[in-house]
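Naming follows writing order (A, B, C and D), and every chain is counted from residue 1.
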Amino acid sequence: MATNTAAGGASNLLRFWPWVVIPLLALILPQIFDSRHGITLLSHMGIAIIFALSYNMLLGNTGLLSFGHAVYYGLGAYVAMHVLRMVNDAGGEGLPLELIPVVGAAAGLFFGVIFGSFSVRRAGVVFAMITLGLGALVHSSSLMFSDFFGGEAGLFGNRVAAPSLFGVDYGSNTNTYYLVVAWALIAAIFIYLLRKTPLGWMANAVRDNPERAQFVGYNPTIVRFIQFALAAMFAGLAGGLFVITDEIVNDESVGQIQSGIVLLGTYIGGIGYFIGPMVGAALVTVLESSLSSYTEAWVLYFGLLFISIVMFAPMGLVGIVHTQYLTWKAGGWKGNTGIRLYMLLAGLVGIFGAICVIELSYHYFRSWDPSAPFGLMGFTVNATTALPWLVSFGIAIIGFGLMLFHGKPMLARRISATSEGGNA
Amino acid sequence: MFETIAYSILNGVLYGTLLFMMSSGLTLIFGMMGVLNFAHASFYMLGAYFAYTLGLATGFWVALFLAPILVGAAGALVERYGLRRVHQYGHVPELLFTFGLAYVIEELVALFWGTVPVPYKAPASLDFTAFSLMGLDYSMFKVFILLVAIVMFVGLWLLLKKTRAGLVIQGALSRPDMVGALGHNVPMVFTFVFAFGCALAGLGGVVGGIQFVTDPGMAFMMGPIVFVVVVLGGLGSVPGALVASLIIGILQTFFLSINFSLAGAIGSLGIEDSGFFGVLWHMETTRIAAVLPYLLLVLTLIFRPRGLFGKREA
Amino acid sequence: MTKRNALELKAVKKNFGRAEIIRGVNLDVHEHERHVIIGPNGAGKSTLFNLISGRLKVSDGSIKLFDKNIHNMPAHKVNRMGLSRSFQVTNLFQNMTVMQNLRCSLLWSEGHKYAFWKSVMKQDRVTEHALALAEELNLSSQADTPASLLTYAEQRALEVGCTVASGAEVILLDEPTAGMSRTEANDAIQLIQRMTGKNTLVVVEHDLSVVFELADRISVLVYGEIIATGTPDEIRNNAAVQEAYLGTEVH
Amino acid sequence: MQLNKKAGLFTGTMIGLSMAVSTVTWADNHPIRISYIEPLSGPFANVGDAGLKHFRFAAEKLNNEGGILGRDVEIVAMDNKQSPSESVSLVQRSVDNGINFVTQGNGSNVAGAIVEAVDRNNRRNDDKVLYLNYAAVDPALTNERCSFYHFRFDANSAIKLEALSNFMTTRDDEIDKIFLINQDYSHGQFISKRMKALVDEKLDAEVVGDVLHPIAQVRDFSPYVSRIEQSGADTVVTGNWGNDLSLLVRAIDSAGLDVNTYTYYGGGLGTPAAVGPRGEDILFQVSEWHADVNVDEGLEEYEKWFVEFKERYPEIDWYYHRIYNQMHMLKNAIEEVGDADDVVAIAKAMEGMEFQSPTGTVTMRAKDHQILQPMYISVMDADAKYDADNSGVGFRTVANIPVEEATDTTSCDMRRP
């Protein structure tokens, strides 16, 4: 039997290959993207993955929607930073750098236990609201208690002025990256194994049916509490790693935006799958850092992507792939592979058209001189003339139209035809 | 001291009534559909922007009526083509949908109207000093806001208590599972309530946009506070929303208006202004005022999750 | 037959606002007995179950399970003291498979508590037990089917299985045959009898033929009060019952 | 802007990745590039965008005059979303792309992070980078946290207060009671603390109120205004910027309170438009320049510069005079060294450099890399020749503060390479 998730179901594909492919990818990627910025981005992806996995312990596994998970990430980071600074001040003597994240994890656990003790009594909206309030409270206090939080300027540390267990020089971004990978792997394994324990099972049980869980002897509050505390611990670990890669921590790491991003990434990836949050977190990290260089509209794209996922693919991107894979394996693609590809293509064309429309709008409404020519998909166009608008809208309408009103009914007809044929 | 109290109550009631305009719609929607609409404050923002743009063409008074209707229509579209689809997946996706929607609306507003505040001003007919109280002027527009809020509360009350539609909604507020049994078209009722709630928020925006600032950040600024009002008042309770709005409005204004800290009142007792308790000891009420709503939110949810007037827990 | 009481209700009352639903119920359930509670719709049978199982708090009175007070305890504590229940509406872990449902139901009674350092799948006793249960429930072939895809009767069977699996001595079943056809209901009754041989059983039931087949003793609940308790024959011949209940509502 | 690279979402991302990682080799006449790290999306995008236009304009002007060492200057826009940690990784991206100069100004917290990132990079790597700060005013950046690689072209907060209080001494007869209202973060906290000390030291007046309010969260300032009223203050001093400033001034005006308001950022982008004529004769600002300085002092060349900018971007005004100084001083330093890549030498050339700015001689103080320049106190005036941001109101100079009176002492103890 496979994972114990809601929709994950039993699938060997999703069970084993990630454990081989992802570490391999983690080792190969820095060879390809070998600039400092590229390596830092990869490190951030690693951290985001731990954070998202920890978040999914709440949302996916226990059904707890939190709007304040960054509190534990951020507080873990702050405590780790203080320890790093102590090590710095002691002239580089004390706790080895490799273990600084453990400090963050301990801090996350500590605050998770404290805040968790009163926030997990109820799930659902009450829990969501409490986490929202707590997140705002902690974020506001980060600007008030500047002794601990360093005000809005934050705190700085120096990872090089700290001893290393293995004599590694962490001046190099690449070495730091491998440290992140190591911790990410450890965290992922632990979080994965946690799902297999009685606690992990009962977390799912409590998510699906807290009442029933009570009648098999479990206190849902305690199940949620332990899950919450452990999730906070892993969030703190991610925070501790962030301190090492960026050597800075400030109020944004406990802020609502951080909480929002982890929710976004986890959900986009797919909360029902173990690798869902990983995929989502990595994607969001890359998009967030690079999309903004290319388009002003990146927040809008983010919002639209998120809404589309919520509306049309509640199991996330991994869910889409997995469903299609299962259909394919079950032979559901037979005789209609072409139609599926056609729908995909039409959809992509539609998206392309929609992007053109959005880019045109941004140019038209936002730039000082809308009539200035600008480059759109390789063409230089003038946004004050009708032509580019007509073409863009046309592409979008044709694309989505073909997908929804031509491809979709055709697929439905084909499928029903095959199943009838099968019966006959 | 008397001055302070008078100012606080006056300003607090004004702020409270604006909060009520937004929260009444939110609490109706939640009570009926179980959806905590994260994008509610976005509809408040849309109200302000619609009224601003319409006002340029038609003048303020027409916009005052048209803008909420437009916002309500936008709400109906969102419910019909967005929420209804997500509804089948459960409450968490619904919440997430509105969460994402809030971002999209903010971006679209910034796209069409820009990131800078728009010059949305009170109409000349209301832009004069109504009265002066102890050296401070109060503009007619502030009085007007109070009037709008009172009319709205009375109208809402009449609607809920005296009309058939109101009775259906009321029934649904206390027993959501019973609506279906009433034989009414439940999805229609949902769409109507959602649109109506959004229109109320839009009305709040029409006047709030003038009183405060009309910029794309106004939704995210107000959003959390509206939640606090709704939770404190009791989810689904309209009178609760009114009382909670006034409490929060007055309390927050009062905290801002007085100059108080434990250290100032009792003496510093040799406690330095550093360290966790030191900072708390020296913390002035003005600085606490900003986090006060969140504090109330968390405390309410811990100790009385049903709020002041709520009949059932969230 | 031992005369020890498994359950003892004394003057239990429950009101919602001004509406009094349970108006002073006294009830003794003997150990190892099959006790069926019948009564017309709205008599408060489900409310009574909810009070016993800790889902609702009593307004007044006391409930004892093997001489220990259990009223107003949270449901999981009541369960740990040896009482479990099924629900009128099927109430499984819908997204889990049959085996997963059974395993979850066994975890606490096998003493695994909130452990987060051992794998569920490696607990052989749990596995054996769950497999045996699946066998008994005739669900072996469906072991890996998600609960939501089972037929209604299978779901009810699994519900009974999970209730029994939690290791409780006293089992409350809320209308275990509701919505079933005649044959399905008969199978269900046999299953219940087979599965709960060693337990004390309290059942709420509508279907009178089922009641008389299953019950050692019957209590009749009308408008929040027990108007009679006795063997099936006694109940059949009780004038008050006939007047209040059987006379008006015979299936 | 690299608009042509807007080749779709997915391709864009892929290009982004490969762009970020590829090391590009450049021909000899490649442009001298400056990373402009500011918010270009989100709520502060308008501020970042306006600054970018200033830099692009100044660069174009330089290029028309032959550029630096015959090479063009290119401004590379990078969106930091107003986030310090994002800025840190953008510094890294700049270094990756072989850019030697970064510039930033909005947010002292971002500035602090960039100083730290630049220092760290220059300590660990050979590709060094210089940070030119055009607007972040936190005094710490040229005091306890000063860095060899950081140059500040704006007057820091201490200098602004110094200039302001020197001006206020000349108005002693009308200033008796001062109310301080500031944003609750280090910028505002510093003003509240420092101003109190200055009042004690120099002025025949008392501080009757000192309030910190949460930054960018207050929508209704009337409770604060009622406190100002009750305190009997005749003067308000605030370091507020953006909405926090315009809302404050509007609330003071609508309550009919008769106080003068001294600000840092009264002329900042969007503020004159939001305040409008209500600020006339009561809203003062301390700045290194404003549009009517050109008129008052007959700076025809610079006025042409101003007008040309206005023609190009009708919705905003040339506001950051420091960017003029900064670009020219950078040019002078690079040309003195003769090599745009020897960052350390350029930094050394910039130390102590004097520059003839239109407003007078400005000096880059060698000890802490803080620029010293004459300052102006001006008041909002509807009769000014040039409106700010088409608001109908501009500024009129009420006092010139000479360089000697616009200075501070520094505790900087710099580590030099």
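Simple rule for what comes next: a contact is a pair of C-beta atoms (placed from the backbone, for glycine too) under 8 Å apart; a residue touches a chain by one contact, two chains touch by 3 or more.
Small disclaimer: the values here were computed from a predicted structure and weren't measured.
Chemist: Steps needed, at minimum, to get from chain B to chain C via touching chains?
Modeler: 2
Chemist: Look at the interfaces A-D and B-D and say which one is made up of more C-beta pairs in contact.
Modeler: Between the chain pairs A-D and B-D, A-D carries more contacts.
Chemist: How many angstrom between the C-alpha centroids of chain D and chain B?
Modeler: Averaging C-alpha atoms per chain gives centres 36 Å apart.
Chemist: If you average the CA atoms of chain C and of chain D, how many Å lie between those two points?
Modeler: Distance between chain centres, rounded to whole Å: 74 Å.
Chemist: Based only on mean CA positions, could you tell me how far chain A sits from chain C in angstrom?
Modeler: 43
Chemist: Residues of chain D that contact two or more other chains, please.
Modeler: 42, 45, 184, 214
Chemist: At which residue positions does chain B touch at least two other chains?
Modeler: Correct list: 114, 287, 290.
Chemist: Mind pulling the residue numbers of chain A that touch at least two other chains?
Modeler: Within chain A, residues 140, 144, 299 contact more than one other chain.
Chemist: Can you check the complex and tell me which residues of chain B touch chain A?
Modeler: Touch residues, chain B against chain A: 36, 82, 85-86, 89, 91-93, 95-97, 99-101, 103-104, 107-108, 111-112, 114, 224, 227-228, 231, 235, 274-276, 279, 283, 287, 290-291, 294-295, 297-298, 301-302, 305, 313-314.
Chemist: Which residues of chain B touch chain D in the complex?
Modeler: 3-4, 7-8, 11, 14-15, 110, 114-117, 119, 129, 132, 134-137, 139, 211-213, 215-218, 221-222, 253, 256-257, 259, 284, 286-287, 289-290
Chemist: Name, in rising order, each residue of chain A that touches chain C in their complex.
Modeler: Residue list for chain A touching chain C: 1, 4-7, 9-10, 193-194, 196-202, 204-205, 208-209, 211-220, 222-223, 226, 230.
Chemist: Going by the contact rule set out above, which residues of chain A touch chain B in the complex?
Modeler: Of all residues in chain A, those touching chain B are 59, 63, 65, 118-119, 122, 124-126, 128-130, 132-134, 136-137, 140-141, 144-145, 147-148, 260, 263, 267, 297, 299-300, 302-304, 306-307, 310-311, 314, 361-362, 365-366.
Chemist: Quick one: in the complex, what on chain C touches chain A?
Modeler: That would be residues 53-55, 74-77, 79-80, 84-85, 87, 91-97, 99-100, 103-109, 112-121, 144, 146, 162-163, 165-167 of chain C.
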